Amino acid sequence: MASKPRATPSKALEGLLFDGMTIAAGGFGLCGIPENLILAIRDSGVRDLTVISNDCGVDDFGLGLLLDARQIRKMVASYVGDNSKFMNQFISGALEVEFNPQGTLAERLRAGGAGIPGFYTATGVGTTVAEDKEHKVFDGRTYILERGLVADLSIVKAWRGDAQGNLTYRRTAMNFNPDCAMAGKVTVAEVEELLPVGALDKAAIHTPGVFVDRLVVTTSEKRIEKRTVRAA
Amino acid sequence: MWTREQMAEQAAEELQDGMYVNLGIGIPTLVANYAGDRDITLQSENGMLGMGPFPFEEDVDADLINAGKQTISELARTSYFASSSSFAMIRGGHLDLSILGAMEVSETGDLANWMIPGKLVKGMGGAMDLVAGCKRIVIVMDHANKHGESKLLKRCSLPLTGQGVVDRVITNLGVFDVVLGGLRIDQLAPGVSLCAVRSLTEATLVE
Amino acid sequence: MASKPRATPSKALEGLLFDGMTIAAGGFGLCGIPENLILAIRDSGVRDLTVISNDCGVDDFGLGLLLDARQIRKMVASYVGDNSKFMNQFISGALEVEFNPQGTLAERLRAGGAGIPGFYTATGVGTTVAEDKEHKVFDGRTYILERGLVADLSIVKAWRGDAQGNLTYRRTAMNFNPDCAMAGKVTVAEVEELLPVGALDKAAIHTPGVFVDRLVVTTSEKRIEKRTVRAA
Amino acid sequence: MWTREQMAEQAAEELQDGMYVNLGIGIPTLVANYAGDRDITLQSENGMLGMGPFPFEEDVDADLINAGKQTISELARTSYFASSSSFAMIRGGHLDLSILGAMEVSETGDLANWMIPGKLVKGMGGAMDLVAGCKRIVIVMDHANKHGESKLLKRCSLPLTGQGVVDRVITNLGVFDVVLGGLRIDQLAPGVSLCAVRSLTEATLVE
């Protein structure tokens, strides 16, 4: 087995990118995003991407950079947020968007990673989300069938990792990362620190190494989208 | 007429000791300020239970935000988890209450708050999951839109977030419960007459 | 809200037990079982129980005690193991048993707790497990529909907990406990140590407090089923 | 004829550097002893990745067992997780290989290893999940039962664990691959003639 750690983000992605592929990316807003892997994807020039992610970052950071470079053909997301490029490309028809309820999106990723091709949820019943989906009544309540998602590649961001691919996330920077890690045919992680195998607290390994194929140590800018404070 | 703060204060009356609560973006976020000494636990759907207040400047942490992307703080009771676990909590009915904003609410409890076709697309975020999963849904919003038109409707005109999901609506004019046949006025804001509310409300009002 | 900690196992179960109820119990073999809550259930005399658990402990410990006292009408389990009472009561027809593949059982509990009434899995296709279940083809492979499980009561065992109900499990004593904790309409936990709120490592809280209604500090015998060692 | 240990040694040839592997109860458990210097990671379906060997007497821990309920040890790489996460790993196809025991295997790769109606009920445990989810399934078992009857059958007589799931069977007589049309003999144990295998095998043998 080739060892999992790689020297740079672009080396961590070497041989994995192709036009028309599906990429699942962890992160919520700009929190816990694999920002350096995203930069490497931008620099690779790969295009016609389907990107599965809660949102698309902001105009000039995170996945917004791939939107800006017109590398994304389709977004599978729950939220546009304050990303004007996202909204404008969607409204103009330049970008295809499949809106998913946030919990449905997270569960679809987990399901894909867990070998579950479909599950029923009441979320979205009676809305446009339910259109063309199978409806089924369980115990008197109506649910819709949602499909598991598997990505050609998942990119995630963790706080600490080890050479076995074990990952520990920090605070709310965890978000979609563990679910994306499960859903990738191949998963690449960027971590702030690579610790010796055995140094991670075993009770706090959120993503076991089996889900991670490669990882790279990076320095993150960790931009803050909405800095809110209280008076001292 | 209530101000935004007064609407939040009104909504805070929903809070009871021991409750697990999810607060949406906007006025709902303000509700936490009026919890008083009630021991409630706030859930943030991006993966946190036990959300604290905004941090002091020196404690700001890019890895610690709420579902509105705002920097926040943690508490002694706080736990963190993945998005799928967060929504397992929500979808599975483990939260007692969610207080959300809205664009429109219908007299049958339908809710619209995620897009205006051709104009504005926010995305539903976690709202569809929250309204489908939480035990109780309370909406806090202005009674009318900026054109002075009622946001309490017979039927929503915008794409729905959920069908028959709203239990109560708190507006700047009063508190309204979704009951059989329409909206029942629970109370009116000071200085708001029944007559005024009737004229400003498209939805069927039930006494 | 009544505070979550209770003084004794029987007080932790007060008002929650009734004949004919469904109880989900964490544990795998004798590892990580809520042994003191099981004793309190035995002593309560409650009967006609449906018990959801991976297995039924051994003849004279764990859930085997409830079998012995004939309090269990039906088991939903994956494994009999070396429990002769379990096998004999089943073969004689005294005990109804619904065998579930272990992973299906775990996922059914998680699904029940997660508001998912049904999901598709390839596990068990072509076996007796698939009989009378809906079959569906996704992307050319056949899957069966399995239902989420919700229990009237879940009992779990954790290593450490706090008064908010947050739980941390120890090593493989985790097993079905987090899934059971999610699946209970009411969940009661027994813990080895009750720590002050804030003392648990936040990155290693495996069951957030929202899933736990009551908890009790107990001393566990922690019997070992198969002591295997290597030469020093 | 191979002994149990030799069958395990034979099965160990399946192991390759970097593999994630689940070993069943019985002879499959012994396979780990023959991994040599290949860097494999063992999964135990009760919630552990990176299973170590049996512990020294003083390190025995009731909270640390494998899926066969045996006390074991942890390694530097070890992680722990809930049963649902463990089987997400298995069902989702993240394990490269599972080596299991069996009562019967058919020439089409059907497997029976969980019950004998009216007589013996073990339960399927995690076996149905493993055979449905792992990338490769290798069975290690005696070629014949205690009555001398072939356990490699045209069709299984016992309730199935999985249908068309077995890739390879290793018995005390040889190594057999499930291929179109039957079982292909990969190799025979020393001193075992083709003629002897034919007479002891009900399943169709393909050369």
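Letters are used for the chains, namely A, B, C and D, taken in the order the chains are written, and counting of residues starts over at 1 for each.
Simple rule for what comes next: a residue touches a chain if its C-beta (ideal position, glycine included) is under 8 Å from a C-beta of that chain, and two chains touch if they have at least 3 such contacts.
Note that the structure is a prediction, hence the values are computed from the model and not measured.
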Problem set entry | Intersection of the contact lists for subunit C and subunit D | A
Problem set entry | Required steps from subunit A to subunit D (each step between touching chains, minimum) | 1
For this session: Write down the chain pair with more C-beta contact pairs when B-C is set against A-B.
Result: A-B
For this session: Averaged over CA atoms, how far is the centre of subunit B from the centre of subunit C? Could you give it in whole Å?
Result: 35
Exercise. Hey, how far is the Cα centre of subunit A from the one of subunit C, in Å?
Worked result: 32
Problem set entry | Interchain centroid distance [CA atoms averaged], subunit A/subunit B, Å | 27
Problem set entry | Between subunit B and subunit D, centroid-to-centroid distance (C-alpha), Å | 54
For this session: Any chance you could list the residues of subunit C touching two or more other chains?
Result: 107, 110, 114-116, 121-122, 169-171, 202-203, 206
Exercise. What positions in subunit B touch 2 or more of the other chains?
Worked result: 74, 80-81, 87-88, 90-91, 132-133
Seminar exercise, completed: In their shared complex, subunit A is touched by residues of subunit D numbered 16-20, 39, 41, 43, 49-50, 74-81, 87-95, 132-133
Seminar exercise, completed: Residue set of subunit B touching subunit A in the complex reads 44-48, 53-57, 60-72, 74, 80-84, 86-88, 90-91, 110, 114, 118-129, 132-133, 159-164
Problem set entry | Residue numbers on subunit C that touch subunit D, as the complex places them | 28-32, 54-55, 77-81, 87, 90-91, 97, 99, 101-107, 109-110, 121-129, 159, 169-179, 206, 222-230, 232
Exercise. Which subunit C residues qualify as touching subunit B in the complex?
Worked result: 1-2, 110, 112-116, 162, 164, 166, 182, 196-198, 202-203, 205, 208-211
Seminar exercise, completed: Seen from subunit A, its contact residues with subunit C in the complex are 107, 111, 114-122, 136, 138-139, 141, 143, 147, 168-171, 201-204, 206
